[in-house]
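Two complexes come next, and they have one chain in common, subunit A, joined by subunit B in the first and subunit C in the second.
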Partner chain A sequence: MNEALHALVQAVAGWGLDYRFLFDAYSRASLVDGALTTLALCLCAALGSLAVGLGLACALVSPRPVLAMPARAFVDVTRNTPTLVQLYCAFLVLNMLLTQAVGTGNPFTPFAWVVIVISLHKGAFHAEALRAGLQAVPATTLEAAGSLAFSAPQRFIYVQLPLALRFALPALVNNLIDLVKMTAIASAIAVNDVTYASIMIWTQSDNVIEMMVLLLAFYGALGLLVNAIGRWLEARLRMPGYGQ
Partner chain B sequence: MPSTDTPLVRLRDVHLAFGATPVLKGIDLTVGKGQAVSIIGPSGSGKSTILRCLTGLLKPQRGELTVAGTAVHQLHGEAAHRPLRQRVGFVFQQYNLFPHLSVLDNLTVAPRKVLGLPAREAREQALALLAKVRMQHKAAAFPGELSGGQQQRVAIARALAMRPELILFDEVTSALDPEMVGEVLNVIGELTEEGMTCVLVTHEMRFAEGISDQVYFTEHGVIVEHGSAEQLFNHPGEARTQAFLQHALGQPGRRRIPDTYVLRNLSPYHLSV
Partner chain C sequence: MANDTLAALVEWAPALLVGLGQNVLISLTAIAAGSAAGLFIGALNFSPLRPLARLWVQVFRNAPWLVLIYFTTYVFPFEVHLFGRYLAFPDWLKVTLGLALPASANVAEILRGAVGSIPATQWEAARSMAFSRAQVFTQVILPQCFTRMLPPWMNLYAIITMGTALASLVGVHDVIDTAQIASNTVNRIPFTVLIYFSLLALFFAWCFPISRLTQRLERRYAFH
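Take a look at the complex of A and B:
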């Protein structure tokens, strides 16, 4: 492992790229720590956003205006304002109000605020994709489920949602790839994600180019991973012969 | 001959309008246990609407509907209709199978989730029903991989899997290519011979004539005439019925039942009536 790293660092040194800071235990630890934090952010926000998206989508297609109208308003406001501004707003305003109210008992860390803001923001996008999926399920298919005496929740769980997920999957994967990149805003409130760790290193070592290459490669690899998982899911959930 | 002493379905003066448009204008209809009753009539005459009222998918504004001992017109809300829908199967023109489930799962999901059958029992029942409709070799296939006739036979098996007392068929062969009509009608014919109570909306006049205990002719939301198949098809009393039958039977394209079907299944049954 270490030998391979040495060889790699040696190889790119020929192109004028100096990656020797990777042998510095402190830099390396903070970079690995940052990468793990980004992974944790991605995982938490992905799950959080999907949960938010599902809840919002159900509210959006609800025949009851008390559910549908607030959901629509939330989705529109959230989708049309910058995530970074939302994060500042949450962390600088909400967090401050919360601290004033409960003192040091405030349970929300900066990490938690990032997860919450991204979950809500991306949840609004998921909600639109899922809403389209839910509405694309033919009424006749639902009527068939009804005539088999499914209750409304059973019909949703066993028929409407599985079909809606399949229709919405490409859009959801797209949103999740975007979510991975969006976690970089955590650096704005000093959460030690991979971007923040990189900034700390390049301000000290003056190696912006090397760090940029590393950072872009890292996010690129994560995005490709999400894409691969999406493809795998699409293949798994494929409905043979459907729509032909 | 099945008796009409204990009707499984009874409609009394059923009226239904969509907005200001009256669609059913006083329907009376009775189906005895074990009977096969066909509803024929021109498109738009309200046949599907009658079937949809039977399971409460549509609510008549006036009249009484009793189905399998349940006063359907007195039910309110989705949940109240569930016990009724467990006992009444519905087969649709467009099959409406669940495209994300295999054929086997299409047949097991409702018995398991609604009736609470154990997985193994639901599976065994499903395989037996698939054998009955001659689809056991496609248990692992998905609906999208099947022909229309095959999908419709699976849809019939799916309805049977709920162990219904009554099955409603709404133009179940109208979307099929002519060569597949026979395989579906064969399955329905066998069901009626076994004593399953069936209400069929159909344009297959020969088939209706062959299997029905009673035939109702509807037009513009009223029952113009009803009677035994022999009576209605051979000695219709109303001019409108005569005109419709002449039109329906006169078109060569409508006679889509293969002769083999008529010979193999219908003639003996017909004689025994």
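Take a look at the complex of A and C:
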């Protein structure tokens, strides 16, 4: 492992890239820690955003205006404001108010706020994709399910939702790749993710180019991973007669 | 109490508007530069240099915007030596470049999508009238692409506008930076709440009309 790292650093040194900071145990540990934090952020926010998206999509297609209108307003506001401002509204305003109210008992860490904000933000995008999927299910299919004595909730869970998920899957995967990239804003409120760890390293060692290459490769690899999982799911869930 | 807070907001409003002007400037410059570069790179897609265009698009669509902004901020010098004179290279221009890079990749994809959506019969019909390949592209295909490109392009502009919020993180004195200064200076909780939610409202007032217009245009062009 260590020898392979030495060989790799030696090899790229020829291109003028100096990666010797990786031999420094402290730098390496903080970088690995940052990468793990980013992975944890992605995982929590992905699950959270899918849950939020599903809930919002159900509200959006609801015939009851009491549910549909607030959901529509939330989605519109979320999609048309910067994530960073939302994060500030949550962390600098709500978190401050919460700390004022309960003192040091405030259970939310900066990490939790980032997960909450990204979940809600991407949840709004998922909701639009799922809404389109839900509405793309042919009415005849739903009528057929009704005629087979499915109750309304059963029809939704067993017929409409599984089909809608398949229709929306490409858009959802797209949103999730965006979510991976979006986790970089965690560095704005000093969550020790991979971007923040890199900033800390390059302010000490002045090796911006090397860190940038590493960062872009990391996010690129993470994006490719999500894409691969998405492709696998699409192939796995494909039904004869739907799509190519 | 409530009056005090509102009075403070009115007092800070001119400073906020100046900051917002900086965001507007960044977003307009970034979309202009990104569109010019993106159309060029998108056109490369239909030339032998296609792999180069694909690489550009892949790299800049898959990188987080914040990382690209850090990249352009820290990699470019603070002044450039041009024609024997030193020209300042201000931070806001670096942020603009950082936003123009992903914008160009997205514009290239929008162009590719638009060209792909033109029926193949258009190419064949034009070819049969003895147009050369370059003539077909510039005189028949491209003019039809622009209406199709308009809605996604406006959408991209709205996204870039929201991306300008990131400028505050690299020390550009924009509307968010101004809000933070105001919040720290006034240092009263109701004011802090008000000013951050005003930020949210400002960006919403700017982006929501664009997105509504985009939806209208999409519906109008949907049947062509």
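The definition used in the following text is that the second predicted complex is superposed on the first by the 242 of 244 C-alpha atoms of A that agree within 3 Å, B and C clash if a C-alpha of one lies under 4 Å from a C-alpha of the other, contacts with A are read in each partner's own complex, and residues count from 1 in each chain.
Just so it is clear, contacts are C-beta pairs under 8 Å (C-beta built on N, C-alpha and C of every residue); 3 or more make two chains touch, one makes a residue touch a chain.
Computed from a predicted structure; not experimentally measured.
With subunit A as the common reference for superposition, the partners subunit B and subunit C occupy compatible, non-clashing space.
Of the two partner chains placed by superposition, only subunit C is touched by A:L216; subunit B is not. Within the superposed three-chain model, A:T195 lies in touch with subunit C and out of touch with subunit B [touch as defined at top].
Legend: residue contacts after superposition of the two complexes on their common chain; A:P70 is shown touching neither subunit B nor subunit C.
Contacts of A:R79 after superposition on the shared chain: subunit C is touched, whereas subunit B is not. For subunit A, the partner with contacts to more residues, out of subunit B and subunit C, is C. Once chain A of one complex is fitted onto chain A of the other, the partner contacts of A:A149 are limited to subunit B, with no touch recorded for subunit C. By the touch criterion defined above, A:P162 reaches subunit B but does not reach subunit C.
In the overlay built on the shared chain, the residue A:V93 is in contact with subunit C alone; subunit B does not reach it.
Taking every C-alpha of subunit B against every C-alpha of subunit C after the fit on chain A, the minimum distance is 27 Å. Common to the subunit B-facing and subunit C-facing surfaces of subunit A is no residue whatsoever. Contacts from subunit A toward subunit C in the complex involve residues 76-77, 79-86, 88-89, 92-93, 96-97, 100, 177, 181-185, 187-188, 195, 199, 202, 208-209, 212, 215-216, 219-220, 223-224.
Across the complex, subunit A meets subunit B through its residues 138, 140-141, 143-152, 154, 158-159, 162-163, 166, 237, 239-244. Across the complex, subunit B meets subunit A through its residues 55, 57, 78-79, 82-83, 85-86, 88-90, 92, 94, 96-100, 109-110, 113-114, 141-146, 158-159, 162. Every residue of subunit C that touches subunit A in the complex is listed here, in rising order: 59, 62-67, 70-71, 74-75, 158, 162-166, 168-169, 176, 183, 189, 192-193, 196-197, 199-200, 203-204, 207-208, 211.
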